[in-house]
Amino acid sequence: MIIGVPKEIKTREYRIGMTPAGVRQLVAQGHTVLVETRAGEGSGLRDEAFTQAGATIAQSASEVWHRADMVMKVKEPLPAEFEYFRPGLVIYTYLHLAAEPVLTRKLIEKKVRAVAYETIQLPDGSLPLLRPMSEVAGRMAVQAGATSLEKWRGGKGVLLGGVPGTRRGRVAILGGGVVGRNAAKIAIGMGAQVTVLDVKSETMDYLEDIFGGAIETLYSNPANL
Amino acid sequence: MIIGVPKEIKTREYRIGMTPAGVRQLVAQGHTVLVETRAGEGSGLRDEAFTQAGATIAQSASEVWHRADMVMKVKEPLPAEFEYFRPGLVIYTYLHLAAEPVLTRKLIEKKVRAVAYETIQLPDGSLPLLRPMSEVAGRMAVQAGATSLEKWRGGKGVLLGGVPGTRRGRVAILGGGVVGRNAAKIAIGMGAQVTVLDVKSETMDYLEDIFGGAIETLYSNPANL
Amino acid sequence: MIIGVPKEIKTREYRIGMTPAGVRQLVAQGHTVLVETRAGEGSGLRDEAFTQAGATIAQSASEVWHRADMVMKVKEPLPAEFEYFRPGLVIYTYLHLAAEPVLTRKLIEKKVRAVAYETIQLPDGSLPLLRPMSEVAGRMAVQAGATSLEKWRGGKGVLLGGVPGTRRGRVAILGGGVVGRNAAKIAIGMGAQVTVLDVKSETMDYLEDIFGGAIETLYSNPANL
Amino acid sequence: MIIGVPKEIKTREYRIGMTPAGVRQLVAQGHTVLVETRAGEGSGLRDEAFTQAGATIAQSASEVWHRADMVMKVKEPLPAEFEYFRPGLVIYTYLHLAAEPVLTRKLIEKKVRAVAYETIQLPDGSLPLLRPMSEVAGRMAVQAGATSLEKWRGGKGVLLGGVPGTRRGRVAILGGGVVGRNAAKIAIGMGAQVTVLDVKSETMDYLEDIFGGAIETLYSNPANL
Amino acid sequence: MIIGVPKEIKTREYRIGMTPAGVRQLVAQGHTVLVETRAGEGSGLRDEAFTQAGATIAQSASEVWHRADMVMKVKEPLPAEFEYFRPGLVIYTYLHLAAEPVLTRKLIEKKVRAVAYETIQLPDGSLPLLRPMSEVAGRMAVQAGATSLEKWRGGKGVLLGGVPGTRRGRVAILGGGVVGRNAAKIAIGMGAQVTVLDVKSETMDYLEDIFGGAIETLYSNPANL
Amino acid sequence: MIIGVPKEIKTREYRIGMTPAGVRQLVAQGHTVLVETRAGEGSGLRDEAFTQAGATIAQSASEVWHRADMVMKVKEPLPAEFEYFRPGLVIYTYLHLAAEPVLTRKLIEKKVRAVAYETIQLPDGSLPLLRPMSEVAGRMAVQAGATSLEKWRGGKGVLLGGVPGTRRGRVAILGGGVVGRNAAKIAIGMGAQVTVLDVKSETMDYLEDIFGGAIETLYSNPANL
């Protein structure tokens, strides 16, 4: 199968749909991987990294979309990409169709077979392709919050972990799932006093198992919030 | 030298001035150790434990005091023991003379050579014989506090560590020295949210080194208290 | 629905069937919550706390039982409460019917719809309303044990964590489920040397994952016991 | 003594020379504390906080400087403040005179008694008033570094702790003193792989004692750098 | 039932199919346990340990095999033991039949009912009798690896944990299941810098939960390997 | 100064007196460093590593000893090296003269200025060049002990950390100084149940600070031993 990887065109999207490691695995299984030139630039990956892994470099987005049997992306296709839709084309990406009625209609109209990463489920109901996003989100959230508390950025001038002899910052995290647990890790690591609110006692129990006395869990109800 | 170990006679004092291990060390160095019969009872140590270590059992307090060159005790001598004082006798015990003017006068009068454990200093100024007492005090304090919070003992019905989904107990510890650090260990271990107040930033820094995010240190001043 | 919360009348039962936070949630969903005056006293909750959350205060147990469609309690109804039973009344509480044949007959006779907290199961077979009780039980057990080892309470004079230079207390815990794991947390935290005996290697493996070298697990068989 | 606390006038200096807690302590010792109005604004402290602690509010910097026997500040006096210098006045602040020849001459000329926080030494040679600055510096450094690695701020798009399945960020810290140790705490806490370079094996040994396997220490020489 | 435990005859196999604790449990349930004399020798267990637990000692392997209804072993039967096979005999041991075609034929021919430990499954598909083997394997692997790095055994002269000021050893573990997780525990404990490669993000997430910053997880693909 | 680094000639001594990093530092300070060819072989360091750092390679031990003003080694000179001794030559190495009367006489006779690493003291009395040796010794000791417990090497067949459900190995460490503390780290890390015996309560207190409940400290006396 020819698998195409075009450069993302959404503003502030620096990622790419496949790493050289992914290329290597697919090529080893007999597929052809077609990567648009400079598609990896935003992630610090040069074309050579992809050719060394066995990819072919395409000179334009158009080439990738036309030759590929399946296109692997990060973000949903934008209007500029609708023209490449054709019956039988497979698109594999984060789609979030609920928020994109125009895109949805186009995909149906052109009989594209679109697979949304965010809907892929394992037999136990878990969503494996959302988990890494959640992990990044949880960890980044605390870093972003810590930064925005800095005085010179307009914050309150609070250092999350304080220093010996001063109060530590208080961090409340709603929900102790993948996002919340990863946020808790970083918040604890930065020295904050962390409270996680959740409604499932099993989840809270697990958080106390792994974080010990470094965390407080609290039943999430209107009074506690 | 003949070293005598009488049974403690103070109310609620279950300890004894020397363990069988201590007997063994002194006997190995050529001393005679004379232990009053049943002196170890309060600590669960039978006479045989002392004889196996090389001690001689005396049948009365009077025998111990009269034959011994040095008496090793736990607590200060009580009036009933003043009659045994004599010039040249060495008494080695916790004395706390400041609180005991009568005892002090008696010791001087009878020319007893009394050495108070609590005043023994190492070259660096530390008090090695008070340290274990401080360690016990710090650890017991939290245990006693936790117990007195129990509802059926008249407390507020607070469990120090709470359980997942509920607030943990708050413990404030004044001073991060030997007592405070040992209290903090147990309080953290029982799951409480612990704040140690101190005025030395070096001490607070060390507490954060060893306890990490499980503790908050706070500068001790009237406002924080 | 009118939900009634009478004061508990069992000796030494200081709890109450609903907190103000619970009241707030139910009122927000359109229910009326009727709390007997001073029902929260044993938990340090005054009537105002309940009225501020939206509850109505009833002046007697009788009023609560008669007006309520559903009564929420902590402990099983006592004989003095049997007179309030009536067809259609819902009682939601810890019942432990196996130990209460008289109560069981009364409930059947009066066609009360009684739901026992302890029997509520999630689809995976877990008992969510027993878990917090187990957590409290496990944590309290070690605290109670530590206290009863104190010399002046008639114990052996053992401090669970010892102090540097002395033996630590040994704690053996039978079963590594919710109760055992919570007991282990506190016992480790108090500095004891902890052994958990269980028959499921998966359970023991998890305990070693979260407690690391601070615990020893042992296969539970007659020889080890 | 009348102790004056003027508002800091240096750009981006939001701190104040004394907190309300400090005021309370000095007033309790019989001193008069004169705080310039709005001096605490940058730290989120209103005039009332100071008056409640016992301070008197002065309406201008000039009033503070003229009435005070001792002025407590954060930063070195700026040229606009030189006019207030007078023989016998005590100034207590961070001075860093080596970098300020004009200020130095003015202080000598006007016979001001200036005490630089950064030069105050304890008998053991440590600098207690620099330690908290070092602690803040070390902790902020990692937070600032983590932020500047974010893609949208022009960084390499590296998350210090990575997420499961990806490489963690590498952080090298030169020197394992107060700054370095505090930087290491936050870097470890954010999930980075941390190496501290130092030349004193005692320092590195201590870091491994408190951080265990979460850190690597390396002898600092040209080859390792 | 008569349960027989012969001495293992495979070279370097020091284990025995049942411990005295196992004997005690089976005897308590009414079975007769017949242990070959000196069968426990390799594990440091003398015949008396088994008789005290209720076993009968047999003087030869032949006696055990002939009298037993079920034989419990560690390793697969060797040719010298084939002669004892008979219809209806139950053998309970690690069999690994895939590697043993001759043994397989013999078992079928003689209508032996052989149960292989390694194939016993719980309802959730886990293999409880392989887990302890995996735990031992994972822990031993690192110990063996550390040893074989010693210079005088022909290794590279690398100490896994290094010492302060030197690089730590790097350990890469393929797979984060039972074997890998146990290997990681020991490798981290010995001070190495540990990377676990796996393909399941849930597994890697759990490893980071329990090991915190002491481990790096990496997606296992040809590029990372 | 010309500094010479000959190849070590003692049996089983694979180390070398200076690493390329050390060469770089000394050359940067204006010294000439003369390294015997293949001297780094035992440590996996080729001649090029030294020349790249600025060293000159000598073709024989004789050349190194004759041209050098100071010789840096690891182990004490052996008889084959005595012939190179001459007045004014400086030798800097581990000497352990107490065990080497012949060497001592030779050094005096030939007026060599020998500096023993093991005797170099800092103002606080610590021995900085023995510390790394002690760290290696402590860590290796446990690894060696763990290995020698393996059954097939003639040991008792004990795995230090056991596995879930079995007893862990017991490790007793005499002395909690640098050697003991490093041994404790590895022993705890391998999962053993560790007891450190010492006589200084300050030392034991520090061990409990950094190892928490993972260790037991015990006063070292004949009874406990």
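All chains are identified by letter, namely A, B, C, D, E and F, in their written order; residue positions are counted from 1 within each chain.
What we mean here is this: contacts are C-beta pairs under 8 Å (C-beta built on N, C-alpha and C of every residue); 3 or more make two chains touch, one makes a residue touch a chain.
Owing to the predicted nature of the structure, the values given are computational and were not obtained by experimental measurement.
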item: Chains in simultaneous contact with subunit B and subunit C; value: A, F
item: Farthest chain relative to subunit B (centres taken as mean CA coordinates); value: A
item: Result of counting contacting C-beta pairs for E-F and C-F, higher pair; value: E-F
item: Furthest chain, CA centroid comparison against subunit C; value: F
item: Rounded Å distance, subunit A centre to subunit D centre (Cα mean); value: 38
item: In subunit A, residues with contacts to at least two other chains; value: 132, 135, 161, 164-165, 185, 188-189, 191, 201, 205, 208, 210, 212-213, 219
item: Touching pairs - complete list by chain label; value: A-B, A-C, A-D, A-E, B-C, B-D, B-F, C-E, C-F, D-E, D-F, E-F
item: Subunit B - residues contacting subunit D, complex; value: 201-202, 205, 208-210, 212-213, 219, 221-224
item: Subunit D - residues contacting subunit B, complex; value: 19-22, 24-25, 28, 53, 126, 128, 131-132, 135, 178, 181, 185, 189, 210
item: Touching residues on subunit B, where the partner in the complex is subunit C; value: 12, 14, 42-44, 132, 135-136, 139-140, 143, 146-147, 150-152, 156-157, 159-161, 163-165, 182, 185-186, 188-191
item: Touching residues on subunit B, where the partner in the complex is subunit A; value: 161-162, 164-168, 188-189, 191-193, 198, 201, 204-205, 207-208, 212-214, 216-219
